[in-house]
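Down below are the structures I want you to see.
Next come two complexes built around chain A: one with chain B, the other with chain C.
On to the complex of A and B.
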């Protein structure tokens, strides 16, 4: 473990950039903290408790191009009508996919343990058979610098959610703040290499053990399918379906596939992956326009069921890391802790 | 394939936007389509006569007796009618501005003025493309989906969705009467991203809920009246319909 002062610690992003990483740092601007790609004039914010976006935005970017293809469809001169190729004849398209893997290694600087755990969850989802090649390519060689939280804000509940510790493999360098010092504990080989480039003001023989942050509330989470169905869902009458809960959630990974056409060359099509939200109407829409999740309440309970019982069953870990973003950024102030939390004692 | 671009009572901002913002796509548009009528670009082929086309784009609200005649002629001669812009899809500012005014005295020779209405109040509209002005990208996307035989789609999310995606601070939190939760998205949250509240220029979102919105702004201590006056000013028929439902 080494001890460095703030100025030296802030050199770490440029050290990582020098090692060939695309570095993502928390920046402050307009009253919110968000993760952005590092540039030498980034306003790095190390005092943040919550960020409006998450590493997910870089591992599964919105509008990511999956591949290009050439369609053999041409513009004809017959009258325009909506038609589906399978009804009126074979699909008039041959697909010659052009795929280029995303390059570069990612480094996340000063993420919190809850973010590290969100990456762990995304790994379980995206790398389980069959592995998502785009995610895998971005994930390979990733480095994380985890900055411990001292105290959560009103919405944090990583201790009840059991995700306050950055698990092995999801933390290359663990950092704790102690007064004006930053205690830097490299954990992996890549982490040691990066930390060795810092000019250590003091060496320390001890090593850092994870420490749970102070929480403002303590409760236990009870979220089986039946419990979520029976629990009260308060405040939903002021939900405007803005989907802020799913946009700011670090573990929401649902996506939609979209074909982007081009007017100058109509046969050249780009297939992209867009973010999707279970709070949106088209999330549960099937052919013919039937929707399964019609009401706000259905969508709300669906979101919680996906986070807790469904994720436990499918991936062996909860999809909620207790960051509290869905509560903090909800314009209507809907608090899911009232649905899944039980007061202790 | 034939296409035509018509203008009813409006500022012609939508068609002007297409001309200025389509860039290289404008040329492609002329290559792909036979465009018999696009008055802003060139003299119409058959004069003022409404040509028979496969796809008609109509901007503007239906205000005068000439508009009323025109829109039914357009409908009769076009296989697919696209309402271009918020005037055509919701009525926009003209809708609320023409209510409660003595329109009989505004008559100009043979032109009679009526209360402004969106196209859908008079004819069957196949697709509505919102925006004040309409976005060139959305226009191209809808056009290309039509060319490829896919139904064009309207955004099913509100402005908030894209605003949060861009990582903006919520304007309701700082006490601004932003209409984001009510407004149809697709603009990339252009106004809230620079700190200006959304005034819902694209009309209401598909699942807009006025009662929930009013509850939400009350929670932030924003006076209801401020939000409602913005609702009344810009968003025309559809959102005023919500207002009626919301108020019982």
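On to the complex of A and C.
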């Protein structure tokens, strides 16, 4: 473990960039904290409790191009005309999908333990057999610098959710703030290499163990499928279906895959993966217009079921890391803790 | 990373024949270009129409022909309507096959009841052809097919050869006066085909109808692990990454299904 002052600690992103990583840092702007790609003039914010986006937006970017192919669509005076490529005899024309695997290694600087756990959840989802090749390519060689939280805000519940500790393999450098000092504990080999480039003001023999942050509320989560169905769901009348809960959630990964092309060159088609929200009706629509999740309440409960019982069953861990983003950014103030939380004492 | 490892990349196929089944339904016969599909009855593929989009369809042909694939498509959405404009020679993309097939090993040596309603029969045709090819391995086989109007019936010319291999019953809920066959809903005719014992029942149809048939079969004494349903969801990826096909119980229809037995899922998961 080494001790460094703030100025020295803020050199770490440029050290990581020098090691060939594309570094993602929390930046402050317009009153919110947002993860952005590092540049030397980034306004890095280390005091943040809550960020409006999450590592997910870099590992599974919205609008990611899966591949590109040529179609035979043309624009005519009356609109878009799609003619399917037609051949005679055995097929010499094929759909030639062109794609390049995403390159580069990602480094997340000063993410919180809940973010590290959200990456762990996404790994379970995306790397389960068969692995998602795009996610896997982005994920490979990733480095995380985890900054511990001292105290959560009104919405945090990572201690009840059990995700306050960055698990092994998801934390290369663990950092704790102690007064004006930063205690830096490299954990993995890549982390040691990066930390050795810091000019340590002081070496410390002790090692850093995870410490749970202070929580403003304490409760236990009870979220089986039946319990979510029976639990009260208050304030849903004022839900505006803005889907901020799923947009800001660090573990929401539901997606839609669609063809995208512009009308100037409609034959150049991209298959694009876009984020989808279970709060929208079309999420559960099948051919012919049957919708399985018809009401706001069903969709609200569906989100919680996907986070808790479904994820436990399919991936062996809870999909909620207790960051509280879905509560903090909800314009209607809907609080899912009232549905899944049981007060202790 | 090679293309073969990327499950999102489609393989090519050409349309070799288009058959009009009914006013709204066509069967596309596809020849797979340079690859073979090893599939089993009940699995599905993602059909990509270049420039239009992708949609999942159950394979409707016999698994013994690995060079060809039949997809029976009813016009309902963007991809399905576009597919009705396809002509022989057109090139399409195919991903798959995906999913868990019908449990043939559970059916061998036992009585089999196949219930299809509406376009759901398309998902069962692969199983029907498989059973017809291996008829001696099964006990009594009943096929109960329900539709609304006489014009909605598909595979009309195939019912006769099937009837030589199995007991085929076709019922129409909104039959015209000329209709000479059974009338009424499928649930009205289950009495004659539920044989009890070790019989295995396989269902496919619209969610609401499957829900009522399943409830009726359970009421008539079939156990939950004897009834298999093939569910429909709009899967986008086919490999459990997009979570569009989650159903109550936490199953992914694309990866864990589309075939489920009723002891795995609740009746609510089928729909209502």
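Heads up, the rule we're going with is that the second predicted complex is superposed on the first by the 319 of 345 C-alpha atoms of A that agree within 3 Å, B and C clash if a C-alpha of one lies under 4 Å from a C-alpha of the other, contacts with A are read in each partner's own complex, and residues count from 1 in each chain.
Basically, a residue touches a chain if its C-beta (ideal position, glycine included) is under 8 Å from a C-beta of that chain, and two chains touch if they have at least 3 such contacts.
Not measured: the values here are computed from a predicted model.
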(message) In the overlaid three-chain picture, which partner chain does A:332 touch, first (chain B) or second (chain C), both, or neither?
(response) first
(request) Please determine whether it is chain B or chain C that touches the greater number of chain A residues. (result) C
(request) Determine, under the contact definition given at the top, whether A:244 touches first (chain B), second (chain C), both, or neither. (result) first
(request) Would you sort A:31 into first (chain B), second (chain C), both or neither based on which partner it touches? (result) first
(message) Per the contact definition in the header, classify A:292: touching chain B only (first), chain C only (second), both, or neither.
(response) second
(message) Which partner chains sit in contact with A:126 here, chain B, chain C, both or neither? Use first/second/both/neither.
(response) second
(message) For A:53, using the defined touch cut-off, is the partner it touches chain B, chain C, both, or neither? Pick first, second, both or neither.
(response) first
(request) Would you check which partner chain A:261 touches, where first means chain B only, second means chain C only, and both and neither mean what they say? (result) both
(message) Under the contact rule defined above, give the chain A residues that sit at the interface with chain B and also at the interface with chain C.
(response) 71, 73, 82, 84-85, 259, 261, 266
(request) Provide the residue numbers of chain C that touch chain A in the complex, in ascending order. (result) 1, 3, 5-10, 12-14, 31, 33-34, 48-55, 74, 76-77, 80, 82, 85-87, 89-93, 206-207, 232-234, 236-237, 239-244, 246, 248-252, 271
(request) Please give the residue numbers of chain A that touch chain B in the complex, ascending. (result) 30-32, 34, 52-53, 62, 71, 73, 75-85, 237-244, 247-248, 259-264, 266, 275, 277, 280-282, 329, 331-333
(message) Under the definition above, what is the set of chain A residues touching chain C in their complex?
(response) 66-67, 69-73, 82, 84-88, 90-91, 93-95, 97, 99, 101, 125-126, 128, 130, 132-134, 137, 225, 253-259, 261, 266-267, 269, 271, 273, 276, 283-290, 292, 305-306, 309-314
(message) Looking at the complex, which residues from chain B come into contact with chain A?
(response) 1, 24-25, 28-29, 32, 54-55, 79-80, 140-141, 143-151, 156-158, 160-161, 164-165, 167-170, 172-174, 180-182, 195, 205-209, 211-213, 215-216, 219-220
